[in-house]
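Attaching a single structure in structure tokens format; questions to follow.
To keep things simple, chains are lettered A, B, C and D as they appear, and every chain counts its residues starting from 1.
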Amino acid sequence: MQLSDTAAEADFRRRLREWLGKTLPELPAAPDPADWPGRRAYDTAWQRRLFDAGYAGVHWPADAGGRGATPSEHLIFLEETELAGAPYVGANFVGLLHAGPTIATEGTPEQRARLLPPILRGDEIWCQGFSEPGAGSDLAALRTRAVRDGDEYVVTGSKIWTSHAEVADWCELLVRTDPDAPKHRGITWLAMPMDAPGVTVRPLATLAGTTEFAELFLDEVRVPVANRLGDENDGWRVTMVTLSFERGTAFASEVVACRREVRELARVARANGAWDDLELRRETATLAAEFAALWRLVQWNVSEAAARGVPGAGGSVFKLRFSEARQHLYDLAARVVGTEALLDGRWTAQRLQGLSYTIAAGTSQIQRNIVAQRILGLPKGR
Amino acid sequence: MQLSDTAAEADFRRRLREWLGKTLPELPAAPDPADWPGRRAYDTAWQRRLFDAGYAGVHWPADAGGRGATPSEHLIFLEETELAGAPYVGANFVGLLHAGPTIATEGTPEQRARLLPPILRGDEIWCQGFSEPGAGSDLAALRTRAVRDGDEYVVTGSKIWTSHAEVADWCELLVRTDPDAPKHRGITWLAMPMDAPGVTVRPLATLAGTTEFAELFLDEVRVPVANRLGDENDGWRVTMVTLSFERGTAFASEVVACRREVRELARVARANGAWDDLELRRETATLAAEFAALWRLVQWNVSEAAARGVPGAGGSVFKLRFSEARQHLYDLAARVVGTEALLDGRWTAQRLQGLSYTIAAGTSQIQRNIVAQRILGLPKGR
Amino acid sequence: MHFRLTDDQEQLRRALRELLADREASWAELTEVGLFSLRVPEDAGGLGLGLPEAVVAFEEAGRAVLPGPLVGTELAAAVLGLTGRAEVVRVPARGPVLVPDLPTLEHVLLLHADDALAVLPAAGLDATPVPAVDPDRPLWRLEGVLPLGEQSPQAHRVADEATLLTAALQAGLAARTVAEAVAYARTREQFGQPIGAFQAVQHLCADMLARAELARVAVYAAAVDGDEAEIVGAKLLADDAAVHGARDCLQVHGGMGFTWEARVHRLLKRAWAWEQAGADRGRCLDVLAGRL
Amino acid sequence: MHFRLTDDQEQLRRALRELLADREASWAELTEVGLFSLRVPEDAGGLGLGLPEAVVAFEEAGRAVLPGPLVGTELAAAVLGLTGRAEVVRVPARGPVLVPDLPTLEHVLLLHADDALAVLPAAGLDATPVPAVDPDRPLWRLEGVLPLGEQSPQAHRVADEATLLTAALQAGLAARTVAEAVAYARTREQFGQPIGAFQAVQHLCADMLARAELARVAVYAAAVDGDEAEIVGAKLLADDAAVHGARDCLQVHGGMGFTWEARVHRLLKRAWAWEQAGADRGRCLDVLAGRL
């Protein structure tokens, strides 16, 4: 067991830190969160800088244009960029972390050549069309239909929880191509151009009052068959393949951020007197221990993934605990700041946002099912 | 909404309190918990005193020999006897609170005449033969067989969690008389004399190291058909009937006791310095509020039962919260007393005993199923 | 002992539930049905009822997540004999002093930590509007030096009863969260069955109900008994039932609950707001610990 | 970074798990395999390994719920160069000073609240046997005035490493509770299916595993990193995983768990005992808060 960097890792970290130190001060001011074109421009400019410096797709295989870094180096990348306060992956999220890796694994040479380089350079933005109003936890119940018509699919239906839809060039879309097959067997993966006729984007206001997500309405949208990844009706497997790209690094930046938040909260508590309350002090300390351990769990999972080539089963365990710890953090913050928690300020915004943590990317209930059935081998109920 | 006594209730309470004040000092010393014959003698002597004073079967209907008191008066009886430190119902439990009421409702005139008076007078002790090693939460899965042979049933099987079996005269026994019927339909209720040939009692050590319970082994025990309550194969209904006798008063004494325990714990904490720990102090206060509310919930449920004739659905809600609050109380006590919690003393004995609260008389999981399905009307899963 | 609603109390509850069922009642309507004059003596134009009736009524107001200065207006009329809208504002242990709905108020009943009460004309207050997280409960921050108050039996009554009426609002809100969660769980299907058929969802809802029921009974008992320890205990249980319930209600709603449109978030935001009204958690626990 | 067991560490774990699999190893066997000399330098007859290896070994000891003065004997050898059985005893915040297994001991390592250490010959101590709740961990109460101790780097090492090794025991015990609960849930049938098929049981077990895994990783990291804050954080998580896990394991076992025979209770009683060994919760949290 070793937690310190290898020589190569230390070198990678040092160079990255140097580059960040030089580059970050040159960045323009971050755009207003409501200014979608401004956000796209900001995020893609950052991606272009990463690309020029050789840090685009750190974790992508070299033959897909990435750096081919080890999982440990990828983790260092995430840790250092977060510690340095570098921009969040933002609009590049789906392209870099989901659609891109899927195409790298499952795409034809033509698809890879056409679609991957613009992701790495920050030229093209992707969004994700998976969830539907009727298909959330039960994603495979999706009903958006695609009917083959010559060289095209004609797609009709709707999607929800699509981030960056307003400024995306492409959508990785899951559609049902065989309504008669068992639900996992009739799904197909398509790369849909967002400017295709019939695509309507409607911003979706969240409980925080912001519009981070959109709904997509698809009305006989024609998508070339050439945009299909993998075989027809094989889209479920194609999509799941990408999850095995995940090398324990999901949420790594967020853990680093939460550890900073706990320290910040302690500072606020010291300043406003809440620190004198033994209960609040101990609860803050408990969370500090929890996030410290969660960071170690990230390192453990990354090491496992690096050694075994596949991510360990630790992902669901991590997700379960991390989601709850983050919500606990912002509930605690509300008690620390007192009546300020009733104002729409910094801590409250985080608290509202945090309400999604036990829901998005697999509810805590689903995570527990996974842990119980796939890790512990408990039987499915009747 | 009224919490104070009516004139009749106040009168009942005053007379009872007077009688307790006069009677309790006359009682002999309580026997050693391991001395079963001593316990039987002590408990039945107390029951005889109650009988002589007109307090035997306070809640039983008058035509069954009881006092026919209102549910409110029954609650007053439970509260005052607990507050005064009167003996616990002990060995009379099953007779007074389950078997007796069942016989009162379902018995023939002959059965009532033979079986009820000795319960009220403390002459005969009952135990309960319901649970089996393979039938706990799923009680109706019981497999102890009874085969009709002329005027007798021949019973073979085993029972578990039987209190006072060592000193009981009778066992209210559930047996399977029709193995081919749906599980709730093939069960029969029998009054089995404990001295019948083929009955073996084996003490069962609990995790606390004591033997409060026993296992019953039944080897071709012959029970007269005349001892059957209700029809053959109708035993499930017969048994459930008694639960509707329950008028919200179950655990009422225990709530009174827990409120005393919280005050006692605060005294201990003040004495040993634990009270200076804000966390412990607040946790104790939280429990004080919880038990105070649980006492109000008892009063609410009793009032509902009195008004409607059936107990409200509040029983499961009460059981759920009360079980957890009691366990919390003894976990908190362990923190208050420090290393003393590692010794086999007063608080630790309670803590160990308390481990059964979320299991016995319907696990908390079963209680939640009941609340969700019967009160909230949520559908059964597939 | 007859610890259940009387027929009159049942009728009051039914009337209010009906009024508030499908729409938001106007302030005039609430005044008309006597929400604020329940406890005003009959010879002063009120209904001459007691705290139990007020609590039953406020439970319904909480269930309907009514906006506006409910608690203060009732207390101003019932305890202080003042007419017009009013709100009780406690000086918090931490954070700014916030007044909800300030421009609509005639009186601000400012309570200090020691229960000293200052009855202030709302019009003259130095206050700044601030962005509130609950969209139906706009807030103003009091600026400058806070006026002193006076301790008195009346002030203590305002303090205790503000806590109790707020607890009643929370108990009603908690019951609402159960109803909304259950209704959604019965209709929303995933994996081929209503999500309410999954044991995980059932148990979540069962615990929600248990919290709501215990809180409700505690609030009723505190109204009948009037003891400070019962009041603060009821507030703790009601806050927990409302906040935890609203949180769980969102969880049951999954992604849908995260939308603005679904309005589930209003339950949580209101529960947070009412949690900070009346005596705060630290004070409630101190009172209870002091009794042990 | 290579944060997983090395091949040698894996081998150590496998060897111990095999040794401890189905029966209780004798003290001689434990000594023989080097449980107490893992960290003793090779030239002093030990294995010359480090804290990570000790933690891996103690995790297995915890999983096997081994009795005896494990932690103190290891620390006496590794830190103080003392041979023979020893136990670390912390003067508690509340309650008597309790020494487990006293008659078998040669040394008592008495730690005061300020980490001052007194190394005492066990034979001379004024102590009374007292009834212990854990049947495999008999206790003696120290009587009279406690000997003073001395602060030193060695004393601090004993304090920190006692906490860490106890955390390792608890992490192993926590893993054991998961294994026992899952094994029972897979075979015990009620309502026509294994109880492990019920979502309520599945979720209980899933949370148990999550706590156990997080604790395990935290213990490993603390062993590698050696930082006091990591150690006390690991202890908190491991105590929670062990105590809560043993509690849930009993719940999964239902009535069976309540019998003496089923031996599930031993897991809980030991988790309670080890929770009070090493730094206590208040101290752990103070250290962590001090770092913020």
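One rule holds for everything that comes next: contacts are C-beta pairs under 8 Å (C-beta built on N, C-alpha and C of every residue); 3 or more make two chains touch, one makes a residue touch a chain.
Going by UniProt, the chains are A, B = Acyl-CoA dehydrogenase; C, D = Acyl-CoA dehydrogenase, N-terminal domain.
What you are looking at is a predicted structure, and each value in this text was computed from that prediction instead of being measured.
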| item | value |
| --- | --- |
| Chains in simultaneous contact with chain A and chain C | B, D |
| Furthest chain, CA centroid comparison against chain B | A |
| Result of counting contacting C-beta pairs for C-D and B-D, higher pair | B-D |
| CA centroid of chain A to CA centroid of chain B, Å | 54 |
| Centroid spacing, where centroids are CA-atom means, of chain B and chain C in whole angstrom | 38 |
| Centre-of-Cα separation between chain D and chain C, whole angstrom | 48 |
| Multi-partner residues of chain B (at least 2 other chains) | 277, 282, 365, 368, 381-382 |
| Overlap residues in chain D, where contacts from two or more other chains coincide | 198-201, 203 |
| Chain-level touch network, classified as line, ring, star, complete or other | complete |
| Parts of chain D lying in touch with chain B, wherever the complex brings them together | 92-98, 130-135, 139, 189-191, 198, 200-201, 247, 250-251, 254-261, 264-265, 268, 272-273, 276, 282 |
| Parts of chain D lying in touch with chain A, wherever the complex brings them together | 1-6, 9, 52, 178, 182, 185-186, 192-194, 196-199, 201-203, 205-207, 209-210, 213-215, 217-218, 220-221, 223-225, 229-230, 232-234, 236-237, 284-286, 288-289, 291-292 |
| Residue ranges of chain B in contact with chain A within the complex | 277-279, 282, 381-382 |
| Partner chain D, residues of chain A touching it in the complex | 1-6, 9, 72, 75, 262-263, 266, 281-282, 284-286, 288-290, 292-294, 296-297, 299-300, 302-304, 307, 314, 317, 320-321, 365, 367-369, 371-373, 375-382 |
| Chain D - residues contacting chain C, complex | 198-200, 203 |
